[in-house]
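Pasting in a structure now, in structure tokens, and then I'll have a few things to ask.
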Amino acid sequence: MAKLTGDEIATHNSKSSCWVIVHRKAYDVTEFLPEHPGGPAIILKYAGKDATTAFEPIHPPDTLDKYLPKDKHLGDVDMSGVEKVEEEIDDEERARLERVERMPGLDECFNLLDFESVAKRVMKGQAWAYYSSAADDEITMRENRNAFQKIWFRPRVLVDVGTIDTSTTMLGSKVSIPFYVTATALGKLGHPEGEVLLTKGAKRHNVVQMIPTLASCSFDEIMDAAEGDQVQWLQLYVNKDREITRKIVQHAEKRGCKGLFITVDAPQLGRREKDMRSKFSDVGSNVQNKGGDNVDRSQGAARAISSFIDPSLSWKDIPWFLSITKMPIILKGVQRVEDVLRAIDVGVHGVVLSNHGGRQLDTARSGIEVLAEVMPVLRAQGLDKAIEIYIDGGVRRATDIIKALCLGATGVGIGRPFLYAMSAYGLAGVDRAMQLLKDEMEMNMRLIGAARVEDLQPSMVDARGLISHGHILPVPSDMRGFAVYDGLAGPMEKAPGVGKEKAKL
Amino acid sequence: MAKLTGDEIATHNSKSSCWVIVHRKAYDVTEFLPEHPGGPAIILKYAGKDATTAFEPIHPPDTLDKYLPKDKHLGDVDMSGVEKVEEEIDDEERARLERVERMPGLDECFNLLDFESVAKRVMKGQAWAYYSSAADDEITMRENRNAFQKIWFRPRVLVDVGTIDTSTTMLGSKVSIPFYVTATALGKLGHPEGEVLLTKGAKRHNVVQMIPTLASCSFDEIMDAAEGDQVQWLQLYVNKDREITRKIVQHAEKRGCKGLFITVDAPQLGRREKDMRSKFSDVGSNVQNKGGDNVDRSQGAARAISSFIDPSLSWKDIPWFLSITKMPIILKGVQRVEDVLRAIDVGVHGVVLSNHGGRQLDTARSGIEVLAEVMPVLRAQGLDKAIEIYIDGGVRRATDIIKALCLGATGVGIGRPFLYAMSAYGLAGVDRAMQLLKDEMEMNMRLIGAARVEDLQPSMVDARGLISHGHILPVPSDMRGFAVYDGLAGPMEKAPGVGKEKAKL
Amino acid sequence: MAKLTGDEIATHNSKSSCWVIVHRKAYDVTEFLPEHPGGPAIILKYAGKDATTAFEPIHPPDTLDKYLPKDKHLGDVDMSGVEKVEEEIDDEERARLERVERMPGLDECFNLLDFESVAKRVMKGQAWAYYSSAADDEITMRENRNAFQKIWFRPRVLVDVGTIDTSTTMLGSKVSIPFYVTATALGKLGHPEGEVLLTKGAKRHNVVQMIPTLASCSFDEIMDAAEGDQVQWLQLYVNKDREITRKIVQHAEKRGCKGLFITVDAPQLGRREKDMRSKFSDVGSNVQNKGGDNVDRSQGAARAISSFIDPSLSWKDIPWFLSITKMPIILKGVQRVEDVLRAIDVGVHGVVLSNHGGRQLDTARSGIEVLAEVMPVLRAQGLDKAIEIYIDGGVRRATDIIKALCLGATGVGIGRPFLYAMSAYGLAGVDRAMQLLKDEMEMNMRLIGAARVEDLQPSMVDARGLISHGHILPVPSDMRGFAVYDGLAGPMEKAPGVGKEKAKL
Amino acid sequence: MAKLTGDEIATHNSKSSCWVIVHRKAYDVTEFLPEHPGGPAIILKYAGKDATTAFEPIHPPDTLDKYLPKDKHLGDVDMSGVEKVEEEIDDEERARLERVERMPGLDECFNLLDFESVAKRVMKGQAWAYYSSAADDEITMRENRNAFQKIWFRPRVLVDVGTIDTSTTMLGSKVSIPFYVTATALGKLGHPEGEVLLTKGAKRHNVVQMIPTLASCSFDEIMDAAEGDQVQWLQLYVNKDREITRKIVQHAEKRGCKGLFITVDAPQLGRREKDMRSKFSDVGSNVQNKGGDNVDRSQGAARAISSFIDPSLSWKDIPWFLSITKMPIILKGVQRVEDVLRAIDVGVHGVVLSNHGGRQLDTARSGIEVLAEVMPVLRAQGLDKAIEIYIDGGVRRATDIIKALCLGATGVGIGRPFLYAMSAYGLAGVDRAMQLLKDEMEMNMRLIGAARVEDLQPSMVDARGLISHGHILPVPSDMRGFAVYDGLAGPMEKAPGVGKEKAKL
């Protein structure tokens, strides 16, 4: 078949007939426009043009095959006649590129937060917005970080900590340190190579990578990037069509995945306003304000990827999963002790206490807090060894990992920090981030007086700040009273000259 | 009778003889000056002139008929000779008009707070001050918002939430979502059409509107704006003259009102200093400072509308109300469990746990907090179905509504957010605000694992932060210690040139 | 005796011979220099000159008679030849005088904090520093204000509050509202007329004035300023020489004082660094830095007035006081329940739970907090009517007064706010400040559902925030985590021109 | 032997052959480069040059003898031909020198925090970074200060406090006030004379100095600086080679040390990022960003001094220490009650409850908090007199000392404040800092109603804020809600001219 020409395609540049090019193939998306989870505006921006650059990082590779009927696949394009879409470099982008020029050296990153501060400055706005955003007022996301700071150490002294062993076992696999790389979507937004960089980093440090359903790389690409006996797990959004799900699961098992993490906290993908605003500023404001009947529902990258999750997934589906795979099954996103008990009851192998990085239900509790609720109940019932308990959300320091393990977790998942390290510095960033965590881990186990992971015990932490006083918010105070208060100053420097004027220190 | 001329009226422009024009009629307000709840200064500004523009938004339509003796009604005015009062456009107003030019598109409002941030920028200063102000230090108003953030979710997972039904029943009426538009005064301050816009918005979304006694539109105008079987309730300030009150109530019932909400938290209208300062800046400072004997008691829009409320209203009046109407009677503004029990005892049909949007008694507790106090007592006594319990104050997110319902409320009232949406964007704003709430409601019920309103249960929230730790205020800390602390910085960007200077990230 | 001439005095202008003029009389203070509680530097500034202006506001009128031996009183001065000491107007003073020009009208002060915000701008730096300063880090002073905001109302509704009576009885005297003007030192620092203005204000509003030992006006001047049956009390610092104390007490009783408030929280006057720094900047830095052996101990206005307080005053002295006067005796500055019980035991008539406005021991608890500790114990022992309990510290709103009365106080003392009102606006300020409190009191009693003072009950407040959670201070949080967080923004205004730039709202 | 010439040494200026001069002697450090705890880069900066200035303040005097093999000691240098290394004065240093010019007079320092605020401005950046830095997010360091503010006083009144005696006994030695100068490393970073200044200051005020293992001055220099019967203790890091440790201990005992404080909270020296960043900026960024395999592990001054600490030190080593010395043995850095009980059990004479100034394990609890945990347990077991309990960390006010003593401490250690006083003002600063503490101590004991140290009792403090609510951290709040809130303003100043514009107060 003759290739389509750029000129021909360029005529289909409107709502009434909208063609786009993706990876040298043309597609007729006219009828699809109103159904596009990301809204029609962003597609129309590329009507009659090459949309590859915009399409790629936020769509899994098989998207068009899966979602667009075959008769809308128009065939190959002769790219020689296709006009390049010049990405307009606006002031914001120009400033960003300057910041990239001046970004700090990798050796100046001393902890995981440092990567985040660099990434915030050098990432593209929309990518940053997608990774960093969370649900509603982002209270839960921030609380995820705060929660660890409500737990304080009760270190043991005069323990022989000459040799520290940070290794442990997760779902039967030996790992060098009790964290894993948890699943996060759309890795190519941050780095053109995407999730495979995380695979390589995980290999270097002998930690597990959990492969996301919504990766930018395909599942097989990520599996292929693994080396030797490297351990990988699969994170799963359950499709309404269970046959699709069966195929995904069984394919993963065949490829060697060692664990199946079924996401249970996302019957619908959350609404992330920072992401929505970012997308809005990209597509531009509508010319006229419109009333409620005519709301543009386009809502950021999050919405662009959510249409195939089954909201009716329920406990009664779990036996079927147990029947189709021998991989251990872990429920990811459990948020209260009642559901942990039920998980034990239905026979799964683990749970991840998680609120999805604060991206789903705002003011849901942090994983570490739920852990502090769960473990005493399990211990009281003799069930604390019945399944493996993981948490994720807000882990930034090895002390956070230690706190989780003291409270009873088998391990913790870490997501965004590695994305930020990858987005800013590529594989070297991921590598250094993991190394920093390992260094912190060894030092802090030494300082708490625990030579091995199994030495981490509940008595080594005081978690009352989390358990009894976890949700404190001060009442508003009399702002005027504060405003009229004349704060204390320190001694005053002499004036540069001879006079008596001085500057407050 | 010959019309009065502008020239004639213009001669009555002083304290000794003060005429004003309102809606093409002249009035002699000389004797009324000292009694004006808003103070004489604001009237004298319009002495001998047309005061319609200033009068209209802050007085109910029948004010002059009610409060000014008939012999002070001077009759129709020939407006042709009346000099226009040019509203002076000062720098502040000019800046505001520029902000109106540049206001964000409606589709950029993603939540109720967004409307407030727009309204704050585009509303007239005095209107904003009236809507946004609250009592004393506004501590209670701010706490109303805070209180919801002390309640955290315990979501259920793996519940079938394929279909979500947010509808419920309030006082026998089916509504699409468990909130109603609560009564707020002086709608025309925000938008020239006033409260009827709320009526139309409520109709579109099938929610109830509570009609305020102190509306800018007349009661009948608001009833007339309703369509079909649209449900409306009446909010009532009880007049000292009970015959007036009887007429109001029985007229409302006849017009089809489905509920009578008697305000019980406002024996005197609160003092709102932000509103007072706003008015002050309008009328201008007195030339000479005066001592306590001679205080100008003019105190903003709130005071201009408060003179007819009966402060001696008491429990013994309730049977009479029950005798004059068949509408369900709800006490609005109950603030402790003892009074809820008494309300059940006297036989009313519901209570609204409310502090009047923080506009009355400062450091009164939030409605949601009182709810958390009330429900366990009612349940212990088997009275939790005895009446319907509503709350209002601080509701901005569907998660807030869900929290109230989990704790036991039948529904929640929302006031200011719709005023802000209306003031900024008119009916389209109200419409979108309601739609956003509905979208949030569906999503968040899904995420908490509740398919129907009746699935919302106390075990789904952890409210200890509100119940046990509701009124925490940190002790002051050593400010100097904080000032001398040298906070941590992140990695430093390289200098633009070659040098060694760097900027902290 | 011939008058001394300015020329003669001017020769005694050094450390070796230092004469000063005060109120047209000369004094030889050479030997007194090292003993001056305020340090020698400030005196030497006026050596050989007229020191009246500097001397007057910070010394009680009889200071020189009391403390300087008669042979150092050199006699009258012929002022014609005395050179005027021109007060140098520095930049700071010039700016202050400009602020005085522009100070807000009195009718713009809507609450007590408003007076403070004006006073801060228009008072002389040293006067402001003396009034506003407190001990060490001023934590207690700030907590005094905060403490009230930890108490929340539980208002009763549907109570007949048509008529409100705010009057009550204190130590047998009827007053119009349950506050009194508590004793504060050095009134002339704020206003040239000094404490008599407070006398006049108190009379207008029928409240009691407590006369300070360390007033700028003499005791008799303040008594003379009273009118009719105006009630006054005496605050007493106990002198080491008990005969002096006996004379003061018996003179006060004879002049008609109705209560004797013995200060028990100041065996030594506190160290107030803000005051010290202020003085320092006045006198100027020493030329050379000196080591610890040679510290200039001059420490602000507070130290200038403290030398005659007996630090050995103890419980065993109380019977003597009871023996020398029939005035009721109240211990001012009690700070724990054990000492209240002991006060009852020794037979005094009342206590003031107070920390001296935060000016003595930093991190001492607020009076209102001690009240919340004391009353349940007294009630349990049937002693709650045994004595009258007052509190002071941090009262700024009528709601604060109401909270104290609900918890069991007979009344509250208010100090600084009236000083600020007086300093900024003179008598008119004091008058308006009291009127504002009265207006607030009537309104808020109405809103809490209490028609009379005796209707104020413990059940009307929720004081758990004070009693159980009174001393909360959050742990430090991860500042870098907050710094890297990308806070949420609202909708963006359009750019002024056509472009796409927008400003965050 | 002929001296080496500068020219000859200058040729050994690279990684392949690196000589440096220290104190007029040359050393071949080529092979030592990769082992240098501070990293090779800082040494290479001085390759072929005189490194004395950089070497001295951060290395104990005997470092080279101890750590560099004898054959690398190249012998004396003829300094005449050695080129001076001009310390480059960059903009930052220039600004600092200007600040030194203008530094406040010593008599303007009124409390310990004042010294810190001056030191922060006048100290060299790296010295400030080393002294002021702490572990990870410096949460524990800040909490050390905060913790005291969670304890509030319950003062006794009417106690005879005419005479105050602040003296007490520590480990058998009489001291004038219950604090000691605790051990801190690298005193010459702050002042060229180093720790001997602290010795002299301690003598003047009759307090004990604890001599640090990692002093800049040698142990004997510090002992020699003592006068008369001045008491000194030894702080000990235990070396892997116990014979070295035995010699140190026995030498100290022979020289007259009165106590041996074995550090037990530092099996590995903490990671202090502020210090690391400071060092980084000194050495400069590497030219190329490197991945995790090649991380430069140079980590600031802290790492440069840590290589000889034995991480395997454990409880089983304590009997040996008891066998080699008659000095009382105190474990420094105990952090939980279990270990205090064990310390009693093994027969040591005391413990210091400490977290090493927040420099080791972040989110370890403050010493004062551990004290509040420990004492009730000891009292319940009748063990509160079994050993002496000290605390350190965050003490800045005499009130802090008083709180610790009320809770049961024998005394408190103070470290950084004296370093800051010394760094800013030398001996005079140390002297004044101690005098200020003494003045505060006397005054505050008077104000709390305790004439002697033994009068300080648990009932004089309310420590529930620390014990029950010690680790509170508010949940994040809705930032947008706060942002849209329109805060209250005060009365407005009139415009300078005639207009109506006003400025908010």
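Letters A, B, C and D name the chains as they come in the text, with residue numbers starting at 1 for each one.
Here, a residue touches a chain if its C-beta (ideal position, glycine included) is under 8 Å from a C-beta of that chain, and two chains touch if they have at least 3 such contacts.
Each chain and its UniProt protein: A, B, C, D = L-lactate dehydrogenase (cytochrome).
Small disclaimer: the values here were computed from a predicted structure and weren't measured.
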If every step must land on a chain the current one touches, say how few steps get you from chain B to chain C.
1
Per Cα centroids, the chain farthest from chain C:
A
Geometric centre distance via CA averages, chain D-chain C, whole Å
40
If you average the CA atoms of chain B and of chain D, how many Å lie between those two points?
57
Chain D, residues touching no fewer than two other chains
104-105, 108, 110-111, 113, 117, 137-139, 142, 146, 149-150, 152, 273, 277, 285, 465, 469-475, 477-481, 483-484, 488, 490-492, 494, 502
Chain B touches which residues of chain A in the complex?
98-99, 101-105, 108-110, 113-114, 117-118, 121, 136-137, 139, 264-268, 270-271, 273, 276-277, 280, 285-286, 289-293, 295-296, 310-315, 317-318, 331, 333-336, 338-339, 360-365, 469-481, 487-488, 490
So in the complex, which bits of chain B are touching chain D?
90-91, 111, 113, 116-117, 120, 128, 132, 137-138, 142, 145-146, 149-150, 152, 273-274, 277, 281, 284-285, 396, 465, 472, 475, 477-478, 480-481, 483-486, 488-489, 491-492, 494, 500-502
Touching chain A in the complex: which residues of chain B?
104-108, 110-111, 137-139, 142-143, 146, 148-162, 204, 397, 399, 425, 427-428, 430-435, 439-440, 443-444, 446-448, 459, 462, 464-466, 469-474, 479-480, 483-484, 490-496, 502, 505
